[in-house]
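The two complexes that follow have chain A in common; it is paired with chain B in the first and with chain C in the second.
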Partner chain A sequence: MTTIDGTTVKKLVVACDAGMGSSVMLASTVRKQLAKNGVTVEHTSVQEIPGDADVILTHAGLAERARGVAGGTPVVAFNLFLGDPAVTKVVTAIQKGQTIDV
Partner chain B sequence: MSEYTPTVTGTGAKARVQKVGGYLAGMVMPNIGAFIAWGLITAIFIEVGWFPVDRIGGFGDYVATDAGVGLTGVGLVGPMIYYLLPLLIGYTGGRMVHGQRGGVVGAIATVGVIVGTGVPMFLGAMAMGPLTAWIVKKIDEFVQHRTKAGFEMLVDNFTAGIVGAAMAIAGLVAIGPIVDTIMGWAERGVGFLVDNSLLPLASLIIEPGKVLFLNNAINHGVLTPLGAAQSQADGKSILFMLETNPGPGLGILLAFMFFGPRLLRPSTPAAIVIHFFGGIHEIYFPYILMKPQLVAAAILGGAAGILTNIMTGSGLVASPAPGSIFAYMLMTPRGGHLAVLLGIAVAAAVSFVVAALLLGLGRKEPAEADDDGPAASEELEAARAEAAARKAASKGAVPAAGTAASPGPTA
Partner chain C sequence: MSDVDPAALLSPGAIRLAERAADRTEAIRLTGQALVDCGAVEPAYVPAMLEREESVSTYIGEGVAIPHATLAGKDAVLRDALCFLRFPDGVDWAGSQVNVCIGIAAKGDGHVDILAELAQILIDPERAAALRAAESAETVLAMLTPAPEETPEPTEEGER
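Presenting the complex of A and B:
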């Protein structure tokens, strides 16, 4: 269990296998949702997750690899590319400055 | 966290296969734009294309420039597939191992395997690029502490130059012919499968592999390089259509829209648009992971599509990436569009029928307490949570689940 403090998140990274397809789509969605919160939203492949990320979103099927790369950074796994509750939870936490467990 | 994805046994192994496959795909995928440029030029300007132009398509006997200089009878098609694409792959492969320096030596070494063979040398580039970069990386690690101040640039440039030159020669003399032989085996193997109508069996590996996020590894790591070589020889290749056919995923999403769990139905129209028109197949993987038996629908749909494509003799000029209907149509050679559409339609129809049956059968047995039980209830729970979150987020009549979360791609 890791905690994410919504107020401290400055950079959110969405990771997928290639960093070119599904992650770009989800990142653009999340970027719009967090436009007013001053959070940088980036997309990468799971191999190239940057070290300065505060939260990493990735599909459950890739979470194991993401955790191997991410070090101590919290990795939030989701299942649906549209409207996944895990993603919604992170976005809401950042918007409202809440602290959540993942 | 809601874990309604069924646990796959041996996830460590899965991650390792993903990693190796992702490595191969990582050399090809950043260069897909170049593949598409080549594919478009080939489809349009070669002798049998829509608008044959000799100096672009590279056929006939002409002089490339009005001034009378330039290479005769070359055009763009040959140089791009023989030199540009393998060099980009070799460069990218080297860069992944050892940054810009690795990319440069990877490209140098790739020239060796290109010249040493008669076929487009993708496989050789995928081997030589990273290998040469790795050698330079090891040498750099060794000499770094031993170099006197002020001599770094001299040492760096000459280690790269010497290793690159040596590996280019090694590629030409030794490694090129070996890779050529392996490519020959692979092509004969594929030819055997096509001739005996065994290629549909490939769906048994491809469709489950896709859902485990091996889609890029399978398509760009293996099929795109083999297909490009075949396309150069025959003008088209069926190998580009094995993994990328949007039909099976479309059928499954349609089945979910009509027969799936009620809470999931509203999100499927948006998913269909993203999958079929946007070409992001990842969008339907979660639907299969929720009901793993649906992989049977994907396999049968994929196999039916391949069989149709074999019977109609279909093929694409270059890899349709991403696997969208638009990319498919743009990469279809002149005169092949109806047959290609048929392959997609048959795949979609078969996977839709099988998925509908599986979803319908699942609902007739509400009290299934076997291994499907926990997965199904967790799925419902997650879907409920999702619905609740949506309700909380936007209190009002939002017709589709997906549209609330992702206005961009669906608009």
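Presenting the complex of A and C:
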């Protein structure tokens, strides 16, 4: 269990296996949702997760691999590429400056 | 951010509107073949697409899947490209029905704007239904072409 303080998130990374498909889609929707919050949203392959990410979103099937390269950065797993509640929770926490458990 | 011409990424020959597949594997093979036919990938890309599907499904909702390779398959990509295959009769995708496969081949980020537009379409059930029902390549391309005024975001992002 980790906590995410929405006020401290500056860079959110969406990771998938190749970084060319699903992560691109999800990153584009999250980027729009967080456009007014000054958060950088990037998409990447799991292997290339940048060290300065504050939160990592990844598919449940890739979460273990992501945690392996994430260091202490919180990894939030999702199952749906559109409208996943776990993603919504993180987005809302950033928008409203809330602290959440993930 | 990119000035890539959508029609160059999604060529008319890569938009196929009356496909038929017995199952998900055949649908992915057809999607991969469309990318091979338009010179976007080498044939070795197709098995990597099937491999990716085994690990994590590329079904993204609203009857749409976006088959693409694993990271290992990237070496077989010749240029960034998309293809659009419509399956009017649907394909069973591990319990979900898929009517549209958008195949992706990418080394860079040239296709990102079109996928962003796709995401916007799919969060609107009416537009998603229109995309599934598209009867012409022109309609498909027009729907997936990002609106020019989209960058400054003039509209208020509505909370639902």
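As a convention for this text, the second predicted complex is superposed on the first by the 102 of 102 C-alpha atoms of A that agree within 3 Å, B and C clash if a C-alpha of one lies under 4 Å from a C-alpha of the other, contacts with A are read in each partner's own complex, and residues count from 1 in each chain.
Here is the rule we use: a residue touches a chain if its C-beta (ideal position, glycine included) is under 8 Å from a C-beta of that chain, and two chains touch if they have at least 3 such contacts.
In this text the structure is predicted, and so the values were computed from the model without any measurement.
Superposition note: with chain A as the common reference, chain B and chain C are in steric clash.
In the superposition on chain A, A:P85 makes contact with chain B only, not with chain C. Once the two complexes are laid over each other on the shared chain, residue contacts for A:S28 go to chain B and to chain C alike. By the touch criterion defined above, A:V102 lies against chain B but remains apart from chain C after alignment on the C-alpha atoms of chain A.
In the superposition on chain A, A:A18 makes contact with both chain B and chain C. With both structures placed on the common chain, the touch criterion links A:V76 to chain B but leaves chain C unconnected. The partner that reaches more residues of chain A, of the two candidates chain B and chain C, is B. Legend: residue contacts after superposition of the two complexes on their common chain; A:S45 is shown touching both chain B and chain C.
Legend: residue contacts after superposition of the two complexes on their common chain; A:G61 is shown touching both chain B and chain C. In the three-chain model built by superposing on chain A, chain C overlaps with chain B at stretch 238-246, while the rest of 166-174, 238-246, 364-372 or 382-390 show no clash.
On chain A, the surface touched by chain B in one complex and the surface touched by chain C in the other have residues 16-18, 20-22, 25-26, 28-29, 32, 45, 47, 59, 61-62, 80-83 in common. Those residues of chain C lying in contact with chain A across their complex are 52, 55-56, 58, 60-62, 66, 68-71, 73-74, 104-106, 111-112, 115-116, 118-120, 122-123, 153, 157. Residue ranges on chain B touching chain A, taken from their complex, read 1-5, 11-12, 14-15, 18-19, 22-23, 25-26, 29-30, 212-213, 215-217, 267, 270-271, 274, 278-280, 282-283, 285-286, 289-290, 322, 382, 385-386, 389-390, 393, 401-402, 404-409.
Considering their complex, residues 16-18, 20-22, 25-26, 28-29, 32, 45-47, 59-62, 64-65, 68, 76-77, 79-89, 92, 102 of chain A touch chain B. Listed in rising order, the residues of chain A touching chain C in the complex are 16-22, 24-26, 28-29, 31-33, 35-36, 43, 45, 47, 59, 61-62, 80-83.
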